[in-house]
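Below you'll find the structures, each written out as structure tokens.
You will see chain A twice below: alongside chain B first, and alongside chain C after that.
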Partner chain A sequence: MFSYIVRRLIAAVGLLLAVSLVTFLIFFLVPRLGGATADDLASRYAGKTANAAQTHALAKQLGFTDPVYVQYGRFVKGIVVGADYSTGPTTVHCSAPCLGYSYLTQNPVLPDLLNRMPVTFSLAIGAAVIWVLFGVATGVLSALRRGSVFDRAAMGVALAGVSLPIFFTGLLSLTLFSYKLHWFPAGSTYTPITQNPLQWAYDLILPWITLAFLYAAGYARLTRAGMLETMGEDYVRTARAKGLPERTVIVKHALRSTLTPILTIFGLDIGALLGGAVLTESAFSLQGLGAYAIQAIGSNDLPKLLGVTLVVAFFVIMANLVVDILYAVVDPRVRLG
Partner chain B sequence: MKRRRTVGAVAAAVALVLGLAACSGSSSGSTSGSSGSGSKPVFNAAVGKVYNPSTKTGGTLRFANSGDWDSLDPADTYYGYSWNFIRLYGRSLVMFASAPGAAGAKLVPDLATSLGKSSDGAKTWTYTLRKGVKFEDGTVVTSKDVKYAVERSLDKSVFTQGPTYFNDFLDLQGYTSPYKDKTKDKLGLKAIETPDDQTIIFHLKKPFSGFDYFAQLPATIPVPEAKDTGTKYKDHVISTGPYMFQQNNLGKNFTLVRNPNWDQATDPNRHPLPDKITVQLNVNADDIDNRLLAGDLDVSIEGTGVGPAAQGRVLADPALKAQSDSAVTTRLWFTSINGQVAPLDNIHCRKAVEYAADKVSYQQAYGGPIGGDIASNLQPPVIPGAKSFNLYPTPGNKGDITKAKAELAQCGQPNGFSTSISYRAERPKEKAAAESLQQSLAKAGIKLTIKSYPLADYTKLYAGKPDYAKANNLGLIVYGWGADWPDGFGFLSQITDSRVIRAQGGNTNLTVRDPAVDALIDKAMTGPDLASRQADWVDVDKKVMDDAYDLPGVWAKGLLFRPKNLTNVFVTDGFSMYDYLALGVQK
Partner chain C sequence: MTEVQPETARTSQTGIVRPFLDVRDLKIQFPTDDGLVKSVDGLSFSLERGKTLGIVGESGSGKSVSSLGIMGLHQGTSAQISGEIWLDGDELVSATPDFVRRLRGRKMAMIFQDPLSSMHPYYKVGAQIVEAYRLYNDVSKKVARQHAIDLLGRVGIPEPASRVDAYPHQFSGGMRQRAMIAMALACDPELLIADEPTTALDVTVQAEILDLIRDLQREFGSAVIMITHDLGVIAELADDVLVMYAGKAVEHASCRDVFRNPEHPYTWGLLSSMPRLDRDRQDRLVPVTGTPPSLIALPPGCSFNPRCPYAALTDGKSLTEVPPLLPTDGTAKHSVACHLPPARRRAIWSEEVAPKL
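Coming up: the complex of A and B.
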């Protein structure tokens, strides 16, 4: 197990470098293929009325006049040993791992990312707890009561959940529950958990439910399908024949093997969400990694983009690693390595 | 059967929820804000006059921004709403008066005791500072703080976003930046003299009669050299205005509270009412509109008006419409006609485009009459001294194909010609405008191929790069332009002076190349008095229209919404939005 984890972590580092390299190349090579020069790229970050000399100076300052491999090397060096940046009157040292300075705000990117992680984590993990509990429970009950009113209603609601886009349900729930009924706070309200845990949870209830609604629906359907398949297996019939209580048959025998595919999906989902629940954060104006990614893309700000991409990749890789390890725990037939 | 009934029940339940929410929207007008005495809401009540006047202090004024500031640092900001708002935490030499309508487009002295005194043929400008103005920490403001502020704004490697007027007009003599300045107190720029603590003198390299408009730029807001942290200064800008920063979370929100060292006796222009001001950044645009309409928010700071979804609700509900103002702006939506792309190098082919265009359909593309008024020339009428005229009148503004064809015959294209029209991909209204022109010009035989380009690079790499536009046959370029400030120079200079056209791109003058226009601009910039300068700018407008280098479309309007608890609300022509200095809240 230990050597397996170490091998996976080493591969993860390689994968992260590859992701950063591809992002770099897309950002720099694609415009060049279209004929853009270093000054052309720099003009995106210069003010409305910057002249040729100012734009060229900015191109040099941002490193665009260097070959792409030099710029990439500088980026990797920053991660390993840090880098120095000028604020105007002084020079500051950005200690390792330094993910660069934003072209537009000229602020270091890493503190921004760290600042926004708690928001995205709170959103993702809270919603994950809700959707797993509700989704799996609904799926199990639906499978057990197949064909009943509950089953049809639940699957109908699940259909709505996977079909309605989050920015629609998000804005709708804000309009109804926050601005009309005043049951919940307005969008962009967030209290750190360290400040006031109750307020933190209260502020996030609406975003949690909105995000969970989407995923719970998918998990309910998945669980239902898996349970229906498993409940028909021989070993379940044997367990029942042995006289085990129905609860033990369902949870210990049927559900446990249904969980494996759900675990896979959960790993992918939570990994991606930890990198930024883009649509939910936009709808509720929560300043997490997802909102940061949108701002970075909209303003063509490469350092921010690189930072967010690496964070997302990191979480997806880690989540998949954890899921693979959990397989071995959940399913004794699985051997790691 | 059972299945269908269940699906039907679920569908009905969902429809019910949606219906509830939709209905809840339309009646929200009656529950918004707090009740209290105040003026009766009427449509356009804040246009040209003060709505709900009040002198009551107290409360928290809540702003929200769907994007982010370019920068809170006065040296590094260009957005109109930022220049409006910055007067709350900074005092420049002169400022736009905090007054409704046209009075808001007049400059009044702020830090200075009077408007600038010019000498040496408008190449030298002198200002005297008021006594007793202090920074938020109690330090007295001197002319050297203003000089330092302008000096640092020259450094475009540190402050990349701000305007470059001082770089372009001051007699720099090689000066680059106070951060490279070897003099003891970093005041090495000879173009600005500070003979004593109350006097500041600017030396220009070319005469410019409108220098007071430069003096109102945020770059003249004083900055204490000892507390200048360069790119980090925006984390906490040292205030000279009635409010100062209490907290600032970049990219998220900030809060202003009263500045105890601001003295009303030194400031006849401001009567700050709220005790606290909060601004949230990067808030979902539709959420901002919903909150405004529900009374959970006081001001949408960008000042361009509510979005299309909310606009429909506001206009349809008389109670909501009574709380809105249709603000005329200094923005023109237009299409540039590119004389570098044949056959538009021939003036008659360009005039054919002017005659063939259906302006009513063009206006529809921008939302109909509520989106703006049909424009017949460049300068929006709200700019002081602007005159409206129409060199290409057509019946009902719907185009005149006969006249268009007559012009086509004169340029040797009796059966029309083909060219391309570009627009910014993320702007659906510009797409609609391009399509509208495609249809109306086709009637005269002018065939347009529509091409879209990304907004972020439109002027830098594509339509605004002369070689690219020429190589890609961009004969028509859909664009828009808002004045840097409401006067002829602020509106026209960047879009009609051929000498500002740069080969490497980033141009805002996309097509106007006429030395006669350039000469008129020079005359307008150095005219002896305001009236003659305003008349000169009208001449510039007329010459460009005569050359047919631009097809004016719509003078834009924004539908602003004022929640019931706002006091002292008025649209100022200085910024074409609500004046943020005057606003108060009633609780």
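Coming up: the complex of A and C.
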């Protein structure tokens, strides 16, 4: 088990390097393929009054004139030992792990990301709790009452849930519950959980429900299909033959097996969401990683985008590792190695 | 309507003393889009404690469906069940699902065909036995675990104290079936239904498992229903034999009569298709020609008529009338559902069929 985890962690580092390389190449090479020179790139940071000589000097200073592998090497080196960025009169030190430096806002990227993580984490984890509870419960009940009114209604709502985009359901719920009924704040407020847990939950409840609605729908359908399959398994019949109450048969024997594939999907979903729920954060004006990415795209701030991408990749990889380890805990037939 | 004393609980309201298990006119039907599937169609038999009933028949003849019906395991499916199942004085078809549920495991237990898929892959073998035991025995986990170890030892699993913590996939096929038997025996059931318990096992293990079931039956005095399509298993274990065809019993006799004096053409077919070591290999086995009928649209008259080589000898009755299961010689010991007159049947058996076996 331990050696497996170590090997997976080493593989994760390799995967992160590959992701960073590809992202780096896309962001730094594509403009050049489009005909932009190092000077053109630097001109975006040089100010409107700069002449060609000043722009060229800046391009040299920022390292844009170096070959791509040197630039990438510098980026990786920054992650390991930190880096110094001098864009003007002062030099800014970006300590390791340095995920790049935004020339536009003139600050290192990582502190920005760390500042925004609590918002994104609160949103993702709170929503995850809601969607897992509701999605799985709905799926189980639907499967047990297959063909009933409840089943059809739930699956109808679930279909709507997976079909409707967040920017529709989000704005709809904002209009209804914030602007019309004034039950919840209209987004853009966030209270750290350490300050006031109740206020934290109250501020986030609408985004949670909106985000959870989308995912709960998928989980309900997945759970329903899984339960229908496991309820027909021989070992469920054996559990009944022992004389176990139906409740035990369903929860301990059928649901337990159904949850294994759901765990896999959950790992992927939560990993991706920890890197920022882009649409939800935008719809509710929450200053999380997703909104940060949107702003970076809007302002063409490539170092920030590179940083966000790496953070997302990190969470997805870690979530997958955790899922794979949990898989072996849940299903004794799985041997890690 | 009279007061029933606890000690006469086996006496029903009409005053009849019923056998331990008494199945009367059991019908189990499944409505499907294509029509009503009559899986079990008017099955009657009885069984006393300490006795073994063998049920034989092809796949789809209703063997498993009827035993699942006794266990009440069709509940929650689309099955429509009618008739009566009396188990130790209680009628199960009309009983509430929860009442039948409380009998499962303790009063009646079942051993399933495929022990790998019939055990939960996520739980340890011991835990699955403990679960069954603690359901009806209010004991600590430690005591239950010791009981599980004892059971595993008794069904012949070596080193039960360590095997109790193994998962089903870590067992071999024979060991899994032993564990399955241990699980079924956890609460000393009075009725044990074994649904083709040896089909998935290789031959040497089959013999061991059959010995085990016989030994355990002696020890516990349980009634056993042995469902199989293997006549060898029947010869080995059964006291009485029920031959099923298309959801009906076509012959019901003692084990001896089924092998020495069978009277139904289908039973003859089964015996003819059984390989025997004491015959020359040059003789081809004689299979029962044709295929089992559709349970949605049974042939009119006797269900076996399209495959019966003697259907022409019944003056067309086999095409129009369903033959009732009747005693052949006045005693209720041997019943056959066939239009051929008993004397004729015996003549055909002794002159045409038996010499070729």
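Quick note on the criterion: the second predicted complex is superposed on the first by the 321 of 337 C-alpha atoms of A that agree within 3 Å, B and C clash if a C-alpha of one lies under 4 Å from a C-alpha of the other, contacts with A are read in each partner's own complex, and residues count from 1 in each chain.
To be clear about the criterion, a residue touches a chain if its C-beta (ideal position, glycine included) is under 8 Å from a C-beta of that chain, and two chains touch if they have at least 3 such contacts.
This one's a predicted model, so the numbers in the text were calculated from it and none came from an experiment.
Undergrad: Could you say whether A:Tyr45 touches chain B, chain C, both of them, or neither, answering first, second, both or neither?
TA: A:Tyr45 contacts chain B only, not chain C.
Undergrad: Just checking: does A:Arg333 make contact with chain B only, chain C only, both, or neither of them? Give me first, second, both or neither.
TA: Second partner only, chain C.
Undergrad: When the two structures are overlaid on chain A, which partner does A:Arg237 contact: first (chain B), second (chain C), both, or neither?
TA: A:Arg237: touches chain C, not chain B.
Undergrad: First (chain B), second (chain C), both or neither: which does A:Val251 touch?
TA: Neither chain B nor chain C is touched by A:Val251.
Undergrad: Counting only touches as set out at the top, which of chain B and chain C does A:Leu133 meet: first, second, both, neither?
TA: A:Leu133: touches no partner chain.
Undergrad: For the three-chain arrangement built by superposition, which of chain B and chain C touches the greater number of chain A residues?
TA: Comparing touch counts on chain A for chain B and chain C gives B.
Undergrad: Which parts of chain A are touched by chain B and by chain C alike?
TA: On chain A, the chain B and chain C contacts do not overlap at all.
Undergrad: Report the residues of chain B in contact with chain A in the complex, numbered from low to high.
TA: 2-3, 6-7, 9-11, 14, 17-18, 20-21, 24-25, 28, 64, 68, 71, 78, 152, 155-158, 160-165, 167-168, 177, 179, 228-232, 250-253, 280, 282-284, 286-287, 290-291, 294, 296-297, 456-457, 460-461, 465, 494, 502, 504-506, 508
Undergrad: Considering only the defined contacts, which chain A positions touch chain B in the complex?
TA: Residues of chain A touching chain B: 31, 34, 36-37, 39-40, 43-52, 54-55, 57-58, 61, 86-90, 104-107, 112, 149, 152-153, 156-157, 160, 171-172, 174-176, 178-180, 186-188, 282-285, 287, 291-292, 295, 298-300.
Undergrad: Considering only the defined contacts, which chain A positions touch chain C in the complex?
TA: For chain A paired with chain C, touching residues are 233-235, 237-246, 253, 256-257, 330-333.
Undergrad: Could you list, by residue number, the parts of chain C that touch chain A in their complex?
TA: 71, 73, 101-106, 109-110, 112, 114, 117-122, 124, 131-132, 135-136, 167, 169, 180, 183-184, 186
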